[in-house]
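Paired with subunit B in one complex and with subunit C in the other, subunit A is shared by the two complexes that follow.
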Partner chain A sequence: MALTAETLDQLQGEPGWLRERRQNALAAYETLQLPSKTDEEWRRTDVSRFNAAEYSKLEHLDGLKLERPSGLPAGVILKPLREAAKDHPDLVEPRLFSLVHADRDRFAALHAAFFTGGTFLYVPDGVEFDQPVLGQHFSHAGGNSVLPHTLIVAGRGARFNYLDEYIAEDDTEAGYRSGSTEIFVGEGSQVGYVAVQKWGRNVWHFADQRAELQKDSNLRLFNVTLGGKFSKTRVEASLAGEGSNAELKAIYFASGEQFFDFHTLQDHRVGNTRSDLLFKGALQDVARTVYAGLIKIEKHAARSDAYQANRNLVLSDKAKATSIPMLEIDNNDVRCTHGATVGPVDPEHLFYLRSRGIPETTAKRMLIQGFFGDVLDRIPFEHARKLVEAELEARIG
Partner chain B sequence: MADFEIKDLRASVEGRQILKGVSLAISMGEVHAVMGPNGSGKSTLSHTLMGHPGYTVDGGSVLFKGQNVLELEPDERARLGMFLAFQYPVVVPGISMANFLRTALNSKRGYDGKDKSKQVTPKEFRSMMKSELEVLHMDDSFLPRYINDGFSGGEKKRAEILQMAMLKPEIAILDETDSGLDIDSIKFVAEAVNRMRGPELGILIITHYTRVLEFIKPDYVHVLVDGKFVLSGGPEVAERLENTGYAEWGHAEEEPKEVA
Partner chain C sequence: MATVPKIEVGADYKEKYGFFVPEEYVFKAKRGLNPDIVTEISWMKQEPEWMAKMRLRSLEIFRKKPMPKWGADLSVIDFENIFYYLKASDKQSKTWEELPPDIKATYDRLGVPEAERKFLAGVSAQYESEVVYHSLQESLTKKGVIFTDTDSALRDHPELFKEYFGTVIPPADNKFAALNTAVWSGGSFIYVPKGVHVEIPLQAYFRINAENMGQFERTLIICDEGSFVHYIEGCTAPIYTTDSLHSAVVEIIVKKNARCRYTTIQNWSTNVFNLVTKRAMAYADATMEWVDGNLGSQITMKYPSVYLMEPGAKGDVLSVAFAGKGQHQDAGGKMIHVAPNTTSTITSKSISKAGGRTSYRGHIKIYPGANNCKSFVKCDALLLDDESRSDTYPYNDVDAENVTLGHEATVSKVSDEQLFYLMSRGIPRAEAETMIVNGFIEPFTKELPLEYAVELNRLIQLEMEGSVG
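On to the complex of A and B.
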């Protein structure tokens, strides 16, 4: 069995427009080629052994757990995405897959055709709340596809935080996973978004997280990647309104035979925009990671300010991190800074700690925690910070 | 036999032999000063004693508490009772001074996260710290800061002595702790060290200046030239160096350089 039009029959009770959209995405999937090794984005990323047909059972239809903050203000809509597609087509239809395009590549198409559940959050103009919304996406078994999609719409001046947590009940499960997010950051709004990917260690994972920022808005996006034998994540911010500000941060910890690939885009489309990106990862065993990030300053984006850094702590001789920063600047009146580092624990740091009696394993753990310290401090809200600290702690050992 | 015995120690760095047979015996309660021109191997000695991985031991032994410490890991040496005050204390971003000190103290006591009775309590930690901070004229505002991060040269050196006071070693090696300190700071450091002096502590103090030796009076002074001791004696050796420098050992007269 393969992922085909029949597979779509598993998805009952959806409105016609959504069904049609899925069929178009499936058609795109069938015509798109597998990325070739000459394609720059996929040069170091081997997907040849990914066979979607092995995972044609779709799981987790609306099986997410949503934790609604108590006393959610009136007008806020928070519900499973498929339900929202039925109840609020006016809000969902024009936006769904308008940032994350279904025909971008085979994997985006597959996700758009077969996405199963995920969240819709709509926060109307002027509405603010402190307690974060928590969306937990579970996979209960291996051998299937679990493909949640989150759609977040922040009205003018809205302010809130949202957490997506992708959880495997069985860490050894094999399967096909995704977890994509579209965030519409309305004028003057402030959005904190955290995604924590903890799928099993044997899954294929593809994700697109893309935000569009309107005038004077502020996005703090934080990605945490821990799961998957293969994980490819694109994190993209499109700065579409003057005065908008995107903070894009990530932590990853790759061990065993894990392979993580990150592609980021800071697209400054108009002037007076700021973006600040920091991706920090640790690798051990024979893990490999690839980071490629593009800062794009478009022609009319004068007085923009972009920062990009990727730092890798390589904890074993056999682990390998590759970092590729890229700039594309069509305006001279801007400030861009970027940098990348790949290296082991500093032996002088280690010796200093050990010279005070701290055993090697403890000293290393402290140095790894210290490495992540500055970026952990940037997690936009407390609940997520605690969660991520605990997850890291468990992995650092 | 002395409590801490260095015998015919030979060590090299990047294939170059630096220590060419160093022997020195320290008994508890004693203060030994090591003086010598730049590049003579003083820090090589201090690092080799502490087990820095960049230094290769080519021969000799260092006996302390019945063990050849050259066979131990650096952290094992520290837990056995050795301490090195670094000539150039290392900046370690991401780890607070408080976390560092507390973990070091816990490690020294054998606390490995299990037996809570061995763990230093916050209260104990604060009270230990308090009196030492006073002597060193430091305040506790540096505790939440990252290890040595943004510390002035003098603050780093004082923080080294603070660590020594907290960890209570039995053999302390002070590698040019006085370099880069103003006269008042030298006095504070000397006072802190003198408070620790006693029958439970042997000190090896490496310096270029006789000034610090006026405050921390050595029992013995050794002159290291080109990886070997060329002269050992009492405090009068320091005075002699003050007047004649190292010229008599074929080393050009040189002004001690301020390096820290």
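On to the complex of A and C.
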């Protein structure tokens, strides 16, 4: 058994255009090569042992639990993505996989061909609401594929928050997981988006989170990566309108034999745009992480301001963090700064706390909490902040 | 000053530093690259058999290795249209007076004799592919310091030569190191014995002066235990209409407790492809410093590196790149931590103007077992107009325990506040900008000997003339 055209037959009742799109993605998957070690993006990321055919059973639809905020304003559309594709083709068809391209690589193609579940959220012009939308994606068993896709469209001046939570019922399950998101941030809108990935510790996870920002819009995106034996996440923001502002933050905590790979892009396509990226992670045991990020300032994107930082706290002798922050700047009237650090807990900080009678393990825990503290404060809404704090607490122990 | 008709001198290089001396060559190999030419070069130099074999083997490697797919676009280099060996004069001169007049005329324009009179210990000025003028202060010879051109070193110190040649950068290291090993000619050879401090910088001036001539000098520096040497390499070349290739290899061995500083001011004319491999091995408690300035050439790809082989070794790269119209400076540094308790820093400053492009490309690699290492990289880029471009590509691989690694980079333009401040004090805009740019690269210039600092400031001033910020 493999993931083939026959697998697509499991997905009934979809409109023709979606079926066609899946078939095209599948065709792309079959022609694309597995990335090789000579490909810069995959040089440190080994996918040779990933075999999609092992997970040809698709778990779908019922894997999603949507929590509708009470008193959702009129005109807001919130429903499972496959249902929305049927009911609102005018809104879904032009946008689906227009930011996260199906032919980018084998994994993006596989996701686009077989995605199930996931959410469609449409907030019309001028609509605001405070209570966050919560999308929970469950995997109930191992050995299968769970590939949810989220599509968010914010109209002009809309303001709202959204949380995607990827949850495994069994932490030891093996399988193939993805969790991709496309966010259309309309003119003057304000969107808060948080993704918390807590899949089981033995799964393969691939995700593409990409947003496009229109004039004067504001995105606060927060990624939390905790699960998977292998997790590759691309977080990308395309600043397409003047005055737009993207805040991209992430925390990760890798332990055991986990491998996390992050790839980020801050693409300043027009001037007067701002992006601020901070990825902070702690590594334990023999875990490994790779961060590679790019700030791209295109030719006419004058008066852009971009910041990019990756900080890694290495808690064990055997853990390994790789950090590659990159810049490509094509305009002079800009301000770009980036930085990366990899290092253990500062022995002087530890000494200070211990000299005040705090036991070493407590002192270390305090320092780790302090390390994550400033970035936790940037989680855009209370519900998600509490959730992430609790998850971290459990891991720092 | 004699000139040759039909030479098109591009840009405004000619008025600034372009000058030209007619070719009078004793021997000129044919264009192109094949085993016959390589054998002929070796035969002309009356080299021992092992070197001839090594050259041929390297040629094979060069042919097999693909062109690098990263960095600058090198596809325009036509390896079959290059002279791989030229010898400008048969005999080596001992004093300035003995030099052939046209070669002298070239050096007069460069100011080599003045520099020598002032402070230099020895000048080994390379004209074409062979060292033709070479002087070494007597005191150095007494101390046992060898400072000669690499061809003479192979002849006069065969055992020392064979022990170290190609050990730091083997021919198979990369395509251009293989090319250099196949056709190398000239360069400097320095040996500093145990405990000897060479107080005065040693210097060689390199020049390219024939159309379509590749220059493949080979430098080998050995600092024995507890010694110190500062070597200065400076380049400037007249302009020609077709592309020239410069592909040097510099190998340095810094033994226990020794310190070596290697300063480069590269100012090739803007049609030169400058593809250089520079690497040093630093042993216990040794210090290796690369001070690397890249102003000229069309394309430069150069990443001076230090292999930190034993505990306590320290590596330092200080790099400045200036890219004007049509130029791409792809420069940076590499620090390879092989042993524990080693430290390294890379500081890179780059300036792009008039559509020029500067790229920082660096690699910090910390091998398993190289615990307790510290490495810090700082890159600052200044963009002088909105046509120019700057990139930063730092690669960091940490495989060891308790390692502290930091990377910082900023990209900005000449700040309006600084400009306003200076102009409000009556300084014209162009001058104010030049001052700001000179201030920006100050961490670099202050590491240079005075003469070079002055020369660099003057070059920046020339480059900045007529630029609009």
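Basically, the second predicted complex is superposed on the first by the 396 of 397 C-alpha atoms of A that agree within 3 Å, B and C clash if a C-alpha of one lies under 4 Å from a C-alpha of the other, contacts with A are read in each partner's own complex, and residues count from 1 in each chain.
The rule is simple: a contact is a pair of C-beta atoms (placed from the backbone, for glycine too) under 8 Å apart; a residue touches a chain by one contact, two chains touch by 3 or more.
What you are looking at is a predicted structure, and each value in this text was computed from that prediction instead of being measured.
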Fit or clash - subunit C, subunit B, common subunit A: fit
Touched partner set for A:D317, first subunit B, second subunit C, both or neither: second
More subunit A residues in contact [subunit B versus subunit C]: C
Partner chain(s) touched by A:P124 [first = subunit B, second = subunit C, both, neither]: neither
Contacts of A:D374 with subunit B and subunit C, given as first, second, both or neither: first
Which superposed partner A:A302 touches (first subunit B, second subunit C, both, neither): second
Contacts of A:L327 with subunit B and subunit C, given as first, second, both or neither: second
Touching partner for A:A363 - first (subunit B), second (subunit C), both, neither: first
Once both complexes are placed on the shared chain, angle at subunit A toward subunit B and subunit C, C-alpha, multiple of 10 degrees: 70
Contacts of A:L353 with subunit B and subunit C, given as first, second, both or neither: first
Which of subunit B and subunit C A:V342 touches, first, second, both or neither: second
Minimal inter-chain CA distance - subunit C and subunit B, angstrom: 12
Complex contact set, residues of subunit A against subunit C: 40, 44, 299, 302, 314, 317-318, 320-344
Interfacial residue positions of subunit C with respect to subunit A in the complex: 70, 352, 371, 381, 383-386, 388-399, 401-413
Complex interface listing, subunit B residues touching subunit A: 50-54, 73-75, 77-79, 83-84, 86, 89-90, 92-95, 99-100, 103-104, 107-108, 146-147, 163, 167
Footprint of subunit B on subunit A - complex, ascending: 347-349, 351-360, 362-363, 366-367, 369-374
